[in-house]
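Read from first to last, the chains carry the letters A, B, C, D, E and F; within each, the first residue is number 1.
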Amino acid sequence: MKFSIQVNEGPYQHQATDSAYQFTKAALEKGHEIFRVFFYHDGVNNGTKLTTPPQDDRNIVNRWSELAEKHDLDMVVCVAAAQRRGIVDEGEMQRNGKDAENIAPGFRISGLGQLIEAAVQADRLVVFGD
Amino acid sequence: MKFSIQVNEGPYQHQATDSAYQFTKAALEKGHEIFRVFFYHDGVNNGTKLTTPPQDDRNIVNRWSELAEKHDLDMVVCVAAAQRRGIVDEGEMQRNGKDAENIAPGFRISGLGQLIEAAVQADRLVVFGD
Amino acid sequence: MSEDIKKFMYVNRRAPHGTIYAWESLEVVLIGAAFDQDVSVAFFDDGVYQLLKNQDTSDIETKNFSPTYAALGDYDVTKLYVEQESLEERGLTIDDLMDLKWEDEDEDWAEKDSIRVVSRAELSSVLDQQDVIFSF
Amino acid sequence: MSEDIKKFMYVNRRAPHGTIYAWESLEVVLIGAAFDQDVSVAFFDDGVYQLLKNQDTSDIETKNFSPTYAALGDYDVTKLYVEQESLEERGLTIDDLMDLKWEDEDEDWAEKDSIRVVSRAELSSVLDQQDVIFSF
Amino acid sequence: MSILHTVNKSPFEKSSVGSCLAHALEGSSILFYEDAVYAVLKGASIEPLVAGFDGVKLYALGADLKARGITDDKMIDGIEIVDYAGFVDLSAEHDKVQAWV
Amino acid sequence: MSILHTVNKSPFEKSSVGSCLAHALEGSSILFYEDAVYAVLKGASIEPLVAGFDGVKLYALGADLKARGITDDKMIDGIEIVDYAGFVDLSAEHDKVQAWV
């Protein structure tokens, strides 16, 4: 079966992104397809490469990046939400005149239409939030 | 009177930082002293210079930076919370082997002791959160 | 792209302004309108506050997105379900809400009400009939 | 630095694990212990869940900070107020909570209970007597 | 000693308004702001709880009322409206501030 | 048609558990996870609401129960424990998932 996942909260503050990660991993392990993981609202903050969590804690961002690499996951960060919250890739950096980018490996920035498409294409949309 | 302010949430997702800003501005306009504004939890995300909000919306980060410049405010971002969430200055960039920093003007990264000191030194601690 | 039309429901259970969910939810509804799905929007629990008249954010200096609800009709988003029990619990009636309309091209652009006040039982049944439920 | 000792109260009204507030609140209490203030910690509403026994986060793969509460006594944080009404509403008793102790150096290091179960009225009065109230 | 209690969440979404009302002692004050201003709407199911409150002074932040379309005529009687400067004054006038976040 | 309802907030902090229970139709299922697992604690004031629920199957996520120290003997009877794989199965078995965030 084909799943799409929506993540509404950032790393560490809310368990939402942990639950979304565990759900996605379990779905992949059961042989399901993940059409897309869409990061919305503060969820876009999962896509920053600048985190350095304590050694004895999980690294939420790296965990997503590794899952994406292993399973060729499509992880999309909403551009409008990202602009409000400061998540920037090379293109956004140029367009908005910023002097740095902070997007983590495996994440790409795109429009809200990607969420709608994810819901159209998948058999199930599963939302994780606050 | 001497106030310290604690901000627990990031920009845009919650009104907490808007309310904290309006309170701080009003206190300064009434002639009170702001000993420190301490950004904790997701509040550290107020300190990123990478946001580009829509033209017709307020720029929360710039607003804090401008208030800090005008009134010589001490705006402190908690280092432990910042590491979890990816807010990085020059020093943190070096220490944690990152290739970019994203701290906005007027913010500095420091330890939790600064919150305790803020509460000890001020006549009032006012907390804004979710 | 699949050619199927799905029944999309956007659920709004949160108050506006205190958090951004209501506004960013509305942004999704507007973008989604371009996708030719069968769209409904539900407002219940604190979501009914999103539709209150006379919202003016000038003094909190945040973006006032409430006039945007009036544009939903132009985007062919015409089924706005509002739960009666949620209104009553909050001391509100339909008269406290914005008067949202759409123009029916099949009936010579007759103006019709977008808001449908429904009971909790009716709303539950509408939710049950959807293909996709968005929550923010 | 002022030489005054202030009465510091850390208020915990949130459940652990679903959000980080409980854990980052505990980090403040630990850091604050170095500042020689008169420290109290209150657990009420969902905050009482923070003290439940047998918490094991291995399957959700988040940091299990609950053993850290047992270290509070070593940091001279010995006044932990737990509200009776909050326990009752949640079907809990003191026996469901971790057994937190501190050693009183004035009484030959006698072991004493850190947790004080108080009524809502007593807790309100304790809150009223503070100089600074931290909330997370 | 006296506390200024601040509450910022809707009483229908979160338990903080209810808990604040249950813990506020005589002589303290409560400021409703952000989404907590919905607590002052007349005719809501929680009106008896809010209106029947003796010995505690109730305030609501005008900017947040206005943002949410809550006009004076829709408010429970006896609640005083303040602006951000008034919020600052209340914080100064009370011995400490407790945020019911 | 049938819905898998997911709820992740404590019933004492937020109204989402109550609203979910009030809207769930016969034939649907509810999964309590994250802080919503506190809803299944025996002896709590909301036990009658949760336990008295007919026609709707109730589940709780084991990983979240364990994290919060809620052992089997403390749970209301009749609630089935699932792991993340079970959460995935429930999402597949129902026609759609409604998240009560």
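The criterion applied here is as follows: contacts are C-beta pairs under 8 Å (C-beta built on N, C-alpha and C of every residue); 3 or more make two chains touch, one makes a residue touch a chain.
Model, not experiment: these values are computed from the prediction.
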item	value
Co-neighbours of chain D and chain B - touch as defined	A, E
Chain located farthest away, centre of chain D as origin (C-alpha)	C
Far-end chain from chain B, centres as C-alpha averages	F
Pair joined by more contacting C-beta pairs (C-F or A-F)	A-F
Chain A and chain C, separation of their C-alpha mean positions in angstrom	27
Rounded Å distance, chain C centre to chain D centre (Cα mean)	43
Centre-to-centre distance between chain E and chain B (centres being mean Cα positions), rounded to whole Å	26
Numbers and ranges of chain A residues touching at least 2 other chains	8, 12-13, 15, 19, 22, 41, 54, 57, 80, 84, 125, 127, 129-130
Residues of chain F engaged with two or more neighbouring chains	8-9, 12-13, 15, 34-35, 63, 83, 96-97, 99, 101
Shared-contact residues (touching 2 or more other chains) in chain D	17-20, 45, 60, 62, 132-133, 135-136
Touch relationships between chains, expressed as pairs	A-B, A-C, A-D, A-F, B-C, B-D, B-E, C-E, C-F, D-E, D-F, E-F
Residue ranges of chain E in contact with chain C within the complex	8-10, 12-13, 34-35, 38, 41-45, 47, 62-64, 66-71, 83
Residue ranges of chain E touching chain B (in the complex, touch as defined)	6, 8-9, 33-35, 63, 83-85, 87-89, 91-92, 96-97, 99, 101
Complex interface listing, chain E residues touching chain D	1-3, 15-16, 19, 22-25, 28, 95-101
Chain D to chain F touching residues, read off their complex	14-19, 45-46, 49, 52-60, 62, 64, 66, 88-92, 96
Touch list for chain B against partner chain A, complex	10-13, 41-42, 45, 48-54, 57, 61, 80, 83-88, 92, 96, 98, 100-102
